[in-house]
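Shared chain: chain A. Partners: chain B in the first complex, chain C in the second.
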Partner chain A sequence: MFAFLVRRLLALIPVLLLVLVIVFSLVRLIPGDPAVTLLGPGATRDQIIALRAQLDLDQPALFQFWSYFIGLLHGDMGHSLKSGQPVLNEILIRLPATLEISINAVLIAIVVGIPIGVVSATRANSGFDHSVRVISLTGVSMPAFLLALLLQLVFAIWLGWLPVSGRISPYFFVDRVTGFSIIDAWLSGEPGAVSSAIAHMVLPTTVLAVFLAATLGRFVRSTMLEVMDEDFVRTARAKGLSRHDVVYRHALRNSLLPAITVIGLKFAEMLGGAILTETIFSWPGIGRYMYEAIRNRDYPVIQGATLVFALMFMLTSLIVDILYAVLDPRVRRKMS
Partner chain B sequence: MSLTRRSFGAMSGAALAMSFAAFVSAGAVASFATTAIAQESETLVIAVPSDPAGLEPGTNKAEPVGSEIILNVFDTLVAWKAPDFSKLEGRLAKDWSISEDGKTFTFDLQNGVEFQDGTPLNAEAVKFSLERTKKLNPYVEASLGMIEGIDTPTDSEVVIHLSEPYPAFMSILAQPQAAIVSPAAVEKYGADFAKHPVGTGPFAFRAYEADTRVVLDANPKYFRGASKLKRLIYRIIPEASTRRLELENGGIDVIQQQSQLSAVPTEEMKAFADNPDIKIIEKPSQIIRQLEFNNSKADSPVADLKVREAIAHAIDYDGLLSGVFDGTAERVYGPLTSNSWAFDPKVKDLAPKYDPELAKKLLAEAGYKPGDLNLKLYSFQGSLWGDVATFVQANLAAVGINTEIAQTEFPSYRALHVAGDWDIALDGRQPWYNDPDAHITIGYLSSLKDTAMTFRMPENKSLDALILKAQQDPDMDARKALYGEIQEDLVKEVPAAYLFSPNLIVFTRANVDGLVINSAPPLTEYWGVSKE
Partner chain C sequence: MRDLKRFLANNTLALAGTIVLAILLLAVLIGPFLLPSPLAIDMAAKLQPPSFSHWLGTDNFGRDMLSRVLEGGRYTLAIGVLVVAFAFVVGVFFGLVAGFAGGIVDTVIMRVVDAILSFPALVLAIALAAAFGPSLQNAMIAVAITLAPQFARVARAQALGVSSRLYVEAAHALGLPRGRILTRYILVNAIGPLLVQASLAFGSAILQTSALGFLGLGAQPPMPEWGADVSANLSFVRSSPWTALGPGFAILITVLSFNLIGDSLADWFNPRRRSAA
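On to the complex of A and B.
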């Protein structure tokens, strides 16, 4: 197992290098000069030339790449062209915001999606199954921005139960300790801060969770149906196990394995930033940050953030593999 | 392998329980909106679409959000006087005089003004600030770069020497880039000054959280008297629909005009018009949007004056204002807006009027049969530009000119425009300081044609000389006459079909009082604002 882990971690290095080279060149192929974008339509050539020199953009690409690479080895991802702050800091500041809604959404999706899939499969083609399939198809197909707007209208404007956007009421002063809003609100001890933080989280989390729960429900349903047809299930039934034991001890366990892959991949995607959800809810996460960076041609930020995404994606799939080993003795044997 | 199946199960169980707990308690927060927030009536929450870039004069590049925050945290020597912003008044300067040759500016400073860190404002601080910004900020190289030297004969007297006469310099001094910073704070924070800006203004910087908010607290010792508001919160909300819902819900008090430049807010206007909780403030701007001709491309069809005139006569200007803008834009007749102090009323009569028949006749005279002339119409991206481009396309089609619309992303558009590889293009300028110079010199001086998005005017010695003279003449009446001459000359040349000037539109909650919008540039000072 240890050897497997080391092998997998070492394999990350060439992939990351490749990602770095590709992103570095792609970013520079997008037409448009960051100095022009930063200065806006009124700028004159002299202003642009001065800013380009200030940002090292007048140096050859190879030189820029080399100095970026050397910086990376020292843990320096460069500075954002827009804010002038170190990129790594900027990403780390925004990561908790994305993490907290992503983790919550995944947990909710698991709690809701898997049971729905199981019940749907065990009662295939019943009335319950049909309605679940219609609802989950809607959940999968509904664009995030539409769902977000509907939820804002209903819960914030009509019912007035929840805030429209943001992470906590702007009237609070909550010191950043962990970066996770509920925990920081609790640590601040300000009355009402924790409930404000939770209330702000409900809608964006729901938007993310609905899509994943629907995907997961549909996926678990179909794998369950496949598994229920397999020989070992028939054997389990034949030896007289109760229906409950057949479904939950044998069929479900075996159909959950592929579901873990789906959850892992979707979670990694969310970490890459739910751009629309974060934008509509003014959620200061990493997706919104990346989007702004692309619009501003903020090269160091695009490079740094992509690298971090790639790393997170690879780590997530590594974790999925480890979970496989934990859950499936066959895989574990193969590894060792 | 320490992670067993059982411990994994236990862990995931615990995680599920936690998420459930969070969501169950979320149900209990329905009353959150009304939890006691005592200072709400003394706090103004303003929505802006993006983060400020540079919260101090040394790094500000006329980016609107940061510029406005600077004007509330810092003071300038002089400022435009509300409510019509056509005259300068002293701010940190009590009084000033300009030498006859227009190169020496002498300022007499207010007494007893303190920076928010308690250090006194004096002539040395003014000298320090302007010299610092001149050195640090490439954006003002052309303007503050003219400063040859600054003398401080006494503690309250500042004498600025320019290399050339430049009357618009006073207007530059009213800009955020020329705001006066606390030398003690610059020394204390060094490179981190932008994170801890300290000025003399009515609000002191308190906090900035990226992508979230900027908080300013009232400066109780402000030299013009403390603001009625105790706190300003700028909330960064990129999505227009979210801003609208927040305003309806009372989550914010003001939606800034910067949010409205890329899309026509007609929908919001209609939605808000019947809402008694919301006020709409509308004011003409000095922004100009035009259908520009490439005036330096000899092989272009628009090199022919008759073709340019035909296009200018083909456009239904009033239809554009009512159809696309629903009355939220004003007519523009020439190179300056009608609310500029240098606007020449004669231009109104000289400007081409909507006359499709005349347009067709002019095209025939230029040798084009209907359908012969095919042009690519370049435009910025965004729904506003798309709507305008479609309208212009239909107008031109009606007189027999075919156009293909190419909406292009800004950096690429700029590259293409400056390279001169186009015939007709939608373009515009928002002057970043309040002087006709901000439109005329950059737009029409032929020597600048390859350096910025200009009208690409061909070399014309008499016009160029006139522009430079108007830029430098210290006598304001003489300048006005010179700009009049320039406007008349330009309109006859038809360098563009001048389309419209969008109004500045600000939405506020009905209880917000005393908000006055500045027309050029649209940066709001919140010192006089209160909430009832």
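On to the complex of A and C.
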């Protein structure tokens, strides 16, 4: 297990370096002189020279990358051109908001998607199966901003059941302790704060969860069907086990392992969706921060947020690989 | 052709997707000749709900939304084709070279592929489009870059599988040039899975480019691109929801049609899934 971990981490190094090169190159891809583009038409010569120096643009490329790399090791992602604050601090402040809705979305998607996939597989080609297929294909074909808009229109504006946007009702004074709104609302002790926090979270979480649940349901269905064809399932049937035991103790357990990989991979795509979702619901996470940075042409922030999204993705794949190794005895044995 | 007929006859959903796409294609080709210009401003008729004279209503400049949606459809279908074609050519080229050459070339190409795939696709597309500068062309390049690695992976796997076949060894023994072997023997035999990948990529290409348009990084106003139109009409969504929902549903219907076909093709080419389905 230890050897596997070391090998996996070592393999990560060249990819991580290339990821850094890509993120580093972003500012250098700006056509013309980035400093002039960033400052806009009204900039003075002195401002341009100062910004060039701040971004190291007056140095050779290799030196620029080296100082970017060393900066990152010290937790320095540069400063926002808009607010002047360190990018890392601004991202860390917003990280809990993004994690809150994405983790909840993963949990909801697992609870909804897996049972749907199992039922579809056990009733393959039934009316239920076909409608699930169409619904889930609709789920993956839906632009996140359209779903967000529809939910907002129906549940917040027309029915008035849920808040339109934001994280908690402005009537509550909740101090930031952990950055997670439900926990902070609970710590504040204000009656009604927790339910307000939850109500605000429902719509953005649903938008993210729909996509993942749709993908997961389809995937579990097809792996279940493949597994049901395998010899060990036939043996289990031949032994006279009940249908319930065959499906849930043999087939399902073996279909869930590959599902972990899908959850990990799709989690990353969901993070991309968070940019659109957070923008529509004014959810103060990294996604909306990135959107504001695009509007303001705040490149250090765009770079920082891109890198954090990539790191979160790489970390998820690493965790998925480790989980896979821990859970699957075949992989475990091969490693040791 | 007979294969295509058999495929559509056996796949109701793929047939449905094909019919919807055919209708859409017809509508975007003919529609603009019958409707007012998508750019024609008529402030007297602004924000009108759907009616007989404006089937999808009008936006806050009084422009006919159906005209805009149909004109946007021309862009969107062209975007889908161009982005996938670009990603296909670039990805397949590098994938085949990696699989065929092996060694250090393979390692370098595949590490770059891994690195690109380490970003959530939309995040990388956003970052690249933001760096290139907001325009439809740049958004399309950015999306194609994020899609190309998937083609590279499939092409490499196919090249590795096919390279060891006897007929490829025979071609080597006959002294055929490497480029010829690559295109005439390896690519031709790897085309099936690549086409499945391409049909699935259409949906992603359209979704991502429209997302960039929505964020202001793609098509610029007054171009009637669907994602940009949804975003331009966001502030009127409470009073005049049709302005944003028209182009939004157009994206959904188009992407869904492509995915219905792609999904059924993937089943068709995968015997295990076919027997299961």
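Criterion: the second predicted complex is superposed on the first by the 289 of 336 C-alpha atoms of A that agree within 3 Å, B and C clash if a C-alpha of one lies under 4 Å from a C-alpha of the other, contacts with A are read in each partner's own complex, and residues count from 1 in each chain.
Here is the rule we use: a contact is a pair of C-beta atoms (placed from the backbone, for glycine too) under 8 Å apart; a residue touches a chain by one contact, two chains touch by 3 or more.
From a predicted model like this one, the values you see are computed outputs, not experimental measurements.
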Which of chain B and chain C A:Leu5 touches, first, second, both or neither: neither
First, second, both or neither for A:Asn125, with chain B first and chain C second: second
Partner chain in contact with A:Thr279 - chain B first, chain C second, else both or neither: both
Partner chain in contact with A:Asp46 - chain B first, chain C second, else both or neither: first
Partner chain(s) touched by A:Met201 [first = chain B, second = chain C, both, neither]: first
Which of chain B and chain C A:Val154 touches, first, second, both or neither: neither
First (chain B), second (chain C), both or neither touched by A:Gly166: first
Which superposed partner A:Val19 touches (first chain B, second chain C, both, neither): second
Doubly contacted chain A residues - partners chain C and chain B: 31, 149, 152-153, 157, 279-280, 297
Contacting residues of chain B [partner chain A, same complex]: 1, 3-5, 8, 12, 15-16, 18-20, 22-23, 25-26, 28-30, 32-33, 35-37, 39-40, 43, 45, 50-51, 53, 59, 61-63, 138-139, 141-142, 194, 207, 209-213, 215, 233, 235-239, 241-242, 245-246, 248-249, 251, 409-412, 414-415, 418, 427-432, 442, 448, 450-453
Complex contacts: residues of chain C adjacent to chain A: 13, 111-112, 114-116, 118-124, 126-128, 130-133, 203, 207, 210-211, 214-217, 227, 230-231, 234, 237-238, 241, 244-245, 248-249, 251-252, 255-256, 258-260, 263, 272-273, 275-277
Complex contacts: residues of chain A adjacent to chain C: 14-15, 18-19, 21-23, 26-27, 29-31, 124-125, 133-134, 137-138, 140-146, 149-150, 152-153, 157, 222, 225-226, 229, 268-273, 275-276, 279-280, 290-291, 294-295, 297, 299, 302-303, 305-306, 309-310, 313-314, 317
Contact footprint of chain B on chain A as seen in their complex: 1, 31-34, 36-47, 50-51, 54, 82-84, 90, 93-94, 104, 107-108, 110-111, 149, 152-153, 156-157, 160-167, 169-171, 173, 176, 182, 191-192, 195-196, 198-199, 201-202, 279-282, 284, 288-289, 292, 297, 322-323, 325-327, 332
